[in-house]
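Common to both upcoming complexes is chain A, partnered first by chain B, then by chain C.
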Partner chain A sequence: MAELTLKAQTPLRGYSNRFGDTRLSELSDTAIYSIGLALETAPALKAIKNSLGTDWPEPGKSASSTDGVYRLLGLQADQVFVLFSAATASDGQSQQLPNLGQNTYTTDQSDSWAGLYIEGLSAVAALERICPIDLHSSVFEIGRVTRTSMEHLAVIILHEAENRYLLLSPTSSAQSFLHALETSLQNVIPIPIDN
Partner chain B sequence: MSQVNRIEQGLVDTNRELKFTFNDKLYIAHPGDTLASALLANGQRLVGRSFKYHRPRGIFSCGSEEPNALVELRRGAYLEPNTRATVTELFDGLQARSQNHRGPLGFDLMGINDLLSPFLSAGFYYKTFMWPKAFWEKLYEPVIRASAGLGSLSGLPDPDSYDKGFLHADILIIGAGSAGLSAALLAGESGARVILADEDFKLGGRLHAETLQVDGKSGSQWATSTVKTLSKMDNVRLMSRTTVYGAFDHGIYGALERKTDHLASAHGMPRQVLWRIYAKRSIVCTGATERSIAFGNNDRPGVMLAGAVRAYANRWGVTPGKRVAVFTNNDDGWRTATDLVNKGVEVSAVIDSRSIEAPASVAGASIIMGTNVIDTMGRAGIHTIALSNKQTIKCDCLAVSGGWNPNVHLTCHQRGRPSWNEKQACFLPDGVLPPGMHVAGAANGALSLSSAINSGFLVATDVLQSLNLNAAKMPSVNADDESTNIEPFWHSKQSTKRCWIDLQNDVTTKDIVVSHQDGFRAVEHLKRYTTLGMATDQGKTSNVLGLAIMAEHSGKSIQETGTTIFRPPYSPVPIGALAGRSRGKEFKPTRKTPSHDWAEARGAVFVETGNWLRAQWFPIEGETHWRESVDREVLQTRNSVGICDVSTLGKIDVQGKDAGEFLDRVYANTFSTLAVGKVRYGIMLREDGILMDDGTTARMGEHHYVMTTTTANAVSVFRHLEFCRQCLWPGLDVQLISATEQWAQYAVAGPNARKLLQKVVDPDFPIDNENFPFMACSDITVCGGIGARLFRISFSGELAYEIAVPTRYGNSIMETLLQAGEEFDAVPYGTEALGVMRVEKGHAAGNELNGQTTAANIGLGRMVSKKKDSIGNTLSEREGMNRENGLVLVGFKPVNSASTLSAGAHFVTRGNAATTENDEGWMTSVAYSPTLECSIGLGFIQRGQARMGEIVEAADPLRGKSTSVEIVSPHFIDPDGERLRG
Partner chain C sequence: MIINHPLLGPRDAAEFVYLGDASLINRPDSATSNAAEQFYEYLYLRDNVAGEMRELWYHEQGDRSWLVVTRNTLTHEISNVELARDVARAQGRNR
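The block that comes next holds the complex of A and B.
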């Protein structure tokens, strides 16, 4: 009998597509963990600073470790998401979440979320069709993050760089979310019209 | 047909020609034309029929207020009725048809209604169709329905697409006329984020319709250059073809942007976008709409609003007539006469109801002061008018100005009431405006050009200051300050003919009088009784006229009479736009389980449970009926092993030093005492003691629990827990996060379940009965080191496990488990077999936890621990919920084993009638049990436990049947639980 194995697949099967000046592509090889704080926050915050190399971000803001390995998304006062690369290195090892001690509560969320990058000049115009929050760069500055909803789906949106947004939405409805974004892009990318 | 009424000097591009058809006749127009201007240019005066009397009607206005010129646009599935020709931007190939007539437009058979008008006045329906009663459904209603409605629908699905969107601004400026442009200019230069929206395709409002000057150039040129300046500002978003149709709470505005209506084809792009605009402030610069004057036969084609006649000449280079007369009660009407004369159009007379000195001289025109028009002649278009001084005047167009009504609609959308201004004879916004809203320009009574521009600047300055933004220096603009003097004149009392007020609904002055006589005197009653102000134009040209006449009859002032409440939308919004993308499959998101692709490839039949698609059963070759598949899946599972995707169950990670205490408080039973590595079934009560949800919770570590919820309540339970954590007990050290999506979870059930899993679970994790007994749980690895979780729990009643792997492996593990189970003839089973087995086992599910039942009802009253407090604990002790004859969950078997049971049937003692008084309970769930080879059911019945063996009737009057059933234990199989502990 053949050896029993399991094959992993991402929610969007490595999707990547260009719509005019804007690309939509699946986030890959990224670990996502939630970190919740115990009531006694001081030792927890210290452990996070020591282990992840960054301060705890306020809700709505993100923070990155100085070496760029960890990015924390401030989602609520006592909970953040930490994102880091889960790619397997040449030595066969992959980055793991360090032990943050007894005053933090972590949960693996890597498989809970489908991630999509939308990047390009039409990113904001496309998001305007489904995203209720104000994406103007003076309001939702680079580095800002928030929970919102798009087309009835829960979404975490991070303004990662100019005209580049990371969107996380639940895995089970990833296809619907992708379709919503594809439709938005198709609806805003100008097409030549001769009348 | 040549453009007989085209005059030069308009703003249309006469160098290019566009072809269009109206009632299949080909016409020529130019870019910049509307359908209305093009029809007028081509001499087409008759464009439609009125709603009730089918009177011939022509174009009346030049904007969204148009009551008459409603047409059907496009063909086939793209057909759209009730489109206003006055705001339809012309494109090459446009196809339009007139509507609301039987037979040709020029000879409408329904015109007979006009002859019957003496019988069809206000309140006709209410008075006429009262008797005989039997006639209503079979005669009156069908006839009324056949006659009602404007235009026709294709009856085909709309092939266009629509979209929605969200916009944000510091300042939303509604209307891009003189006030809107000046406000936008100042706000834009001051750095505010501005949205400037206008329903027209050409920004500038009436600046393009007038010959007034701004800074030494035409208003139209000033508008064009201002728009150009604004278009270069990154902080200003210009939105033409966009109607802000509603002002809602919290500074939210609804707007409809017509994206491709001006194109022959949408080219796959959304035709319209419905925007939700969040604005910190808004400036309503919606201008004003001209109103008419009521006189005899004032509805004939050729009778138009004076401002519209002027606009057609100045903007579109079209004269609506070769010989025009003007009837006015204000100075503004005179400008129509002077503008036309300046363009070489003959003006035969200017009739002014005021007995004053003529405000202007009009070359070649008779000036008649202190007189009014009492009648018009010309069936399909006027040729003569009769005056109160007995004079008659030849004209083919009568331009009427009864004054201007500021467009205050948006200011009233949150129940604001405008106030009547006697001097200006119009309603103006009152002090109570929606929060953040300001009004400028003609909408606020600044009716002259100069005052409107200044008003825009001033209001913008105030708004900027309220936003703590430094206002740029107010530009110095020198604009014409034309006279707007008015002396109200509502209707011709000398006229003996019907005087029309609401052209769209055929409401006359007589109808107002009848309404008054019949006691419907309040404006809201007046509207319903006469239909004044209803339908697509919502009375934009008629409301004030109607209520002014009502005021006159009731002896009240116009202020006392008041207006009806203006509600959104300001102008019609297509249903398609309201739906946006949410059509068909896109109506709601679809959630797929981790093994969806595998199940689909396997030919599963899916069922929607909430947003989830779940495999209901897996038919195999030769099976022709769902029962065959389900019976096979049940029997194969009970006889060997089956696998079911149960990933949809809610999973909540509960962590913290007080996690146990937290669970003790939200669950009725105790969890703090649960050993690490063990699972316990729990029931959760609402505050009122009613069952809320149930499920198992596993203790994975000292401070770590994993709770499962039902699929349906996954979100509501999580929300409830967060409320408890954050609001009720913030002092508890506990953290929650949903892990529903993180884990793909599968029930592996049946006597060979363990043997199958032993091939998948890595050998480091023994799962024999001794090491992993019933209700054990553990973190494990599978298939050579992949992290997983295993729970020894059973919903089917069999030896069973639930194995969870990270979702990324969910699609793969079904194949792997079946591969491992090949030697046992393992079978995948769906939700239907799952349901059958849980009924056979007597487990409660959603049908039993229906929001009405208690723990005692389902036989689990003792699980409500009295050693601790928990939500719902106290109120579950209420007397009414603990009656001796209370409902108890039991099983039911048909006396005749061939009978089929039905859920929803109610139990009555044999011999009793099936009445509410004799009702003793109801059947909650039924299934055909392939194990017992008969239909079985679960249900609630009074004193159930004490009535084992009793025969009762399961009455189902809704389906017209009654079945004798025996009360039995709800545990149809393995009541002692030997299998699941095996």
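The block that comes next holds the complex of A and C.
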């Protein structure tokens, strides 16, 4: 039998493109886990604090561990997403989510979501045409997170830094989501004036 | 229409799915002797209110929570929004 070597690929094949002053690029090497709370919340919150080094974020907010390894996105009253680097270390081992005990439900969702960074001066202008949420910094402050839909496609939005947003959308419709963003960016980028 | 979500703030109605009368929270106990009659009423008999009505809405494109929305069916004015979980707990349910 032929020796086959398969190489893992991201949903958007490492997409990266510049639109005027704004860049759209795919998130890579990131593991995404969901953590759900069982009815007994106190031991679960303690296990998360001990293992991940951060408090449970309220819905709409995000939190990072002090060492910056884990980033928690508060999506529901009893569910968060955890993002952390999945880059393979020099010993060939990739990082795993620690065992959080019996009072949480954890699911590996890494292959279910395509991630896109949109960064630049036209980011908000491009997003506000297709997003029902007001994403301006004065309303949707840095560190805020929310789940909504754009062009009928589900999306999780994290305001990571000034003019920099992380967008997560299901893998199955990732190409359509990318197309919606590309189209909106092309519609808002300033046209260079020659003279 | 804007629904003022108790946890997330004002959200567009397009993010929600409508279910209907909030009395659907009160599912009858199947162990009681007249369970069949109670389930008949629970499933099929609905008030069709022209005015203020309590309804269940599901935030599908959001935090996946069930809400009890008090809405005037004549004017679409929304006067109150609660988490269905809180409503059920206030009625003595444990979750």
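As a convention for this text, the second predicted complex is superposed on the first by the 186 of 195 C-alpha atoms of A that agree within 3 Å, B and C clash if a C-alpha of one lies under 4 Å from a C-alpha of the other, contacts with A are read in each partner's own complex, and residues count from 1 in each chain.
Just so we're on the same page, a residue touches a chain if its C-beta (ideal position, glycine included) is under 8 Å from a C-beta of that chain, and two chains touch if they have at least 3 such contacts.
Nothing here was measured: the structure is a model prediction, and the numbers come from that model.
Colleague: Tell me the contact category for A:S85 with respect to chain B and chain C: first, second, both or neither.
Modeller: In the superposition, A:S85 contacts neither chain B nor chain C.
Colleague: With the two structures laid over each other on chain A, which partner does A:S64 touch: chain B (first), chain C (second), both, or neither?
Modeller: neither
Colleague: Could you say whether A:N163 touches chain B, chain C, both of them, or neither, answering first, second, both or neither?
Modeller: neither
Colleague: Tell me which partner A:S28 touches in the superposition: chain B (first), chain C (second), both or neither.
Modeller: In the superposition, A:S28 touches no partner, neither chain B nor chain C.
Colleague: Which partner reaches more residues of chain A, chain B or chain C?
Modeller: With both complexes superposed on chain A, more residues of chain A are touched by B.
Colleague: Kindly classify A:Q95 by the partners it touches after superposition: chain B alone (first), chain C alone (second), both, or neither?
Modeller: In the superposed model, A:Q95 contacts neither chain B nor chain C.
Colleague: Figure out whether A:S51 sits in contact with chain B (first) or chain C (second), or with both, or with neither.
Modeller: It touches nothing on chain B or chain C.
Colleague: Kindly classify A:L39 by the partners it touches after superposition: chain B alone (first), chain C alone (second), both, or neither?
Modeller: Both partners, chain B and chain C.
Colleague: A:P132 in the overlay: touching chain B, chain C, both, or neither? Say first, second, both or neither.
Modeller: A:P132 sits against chain B and chain C alike.
Colleague: Can A:S176 be said to touch chain B (first), chain C (second), both, or neither?
Modeller: first
Colleague: Using the superposition on A, tell me which residues of chain A are in contact with chain B and, in the other complex, with chain C.
Modeller: Shared contact residues on chain A: 39, 79, 132-133.
Colleague: Per the contact definition, I'd like the list of chain A residues that touch chain C in the complex.
Modeller: Of all residues in chain A, those touching chain C are 39, 58-60, 75-77, 79, 132-133, 146-149, 154.
Colleague: Under the stated contact criterion, what part of chain A meets chain B in this complex?
Modeller: 1-11, 34, 36-40, 78-79, 105, 107-113, 128-134, 136, 138-139, 151-153, 170-173, 175-177, 179-180, 183-184, 186-187, 191, 193, 195
Colleague: Taking the complex as given, what residues does chain B use to touch chain A?
Modeller: Answer in residue numbers: 91-92, 161, 163-168, 193, 263-265, 267-270, 273, 276, 278, 581, 586, 588-594, 611-612, 653, 655-657, 703-704, 731-733, 735-743, 759-760, 782-784, 786, 805-809, 811-813, 816, 819-820.
Colleague: Which residues of chain C touch chain A in their complex?
Modeller: Residues 7-9, 11-12, 14-15, 61-65, 83, 85, 95.
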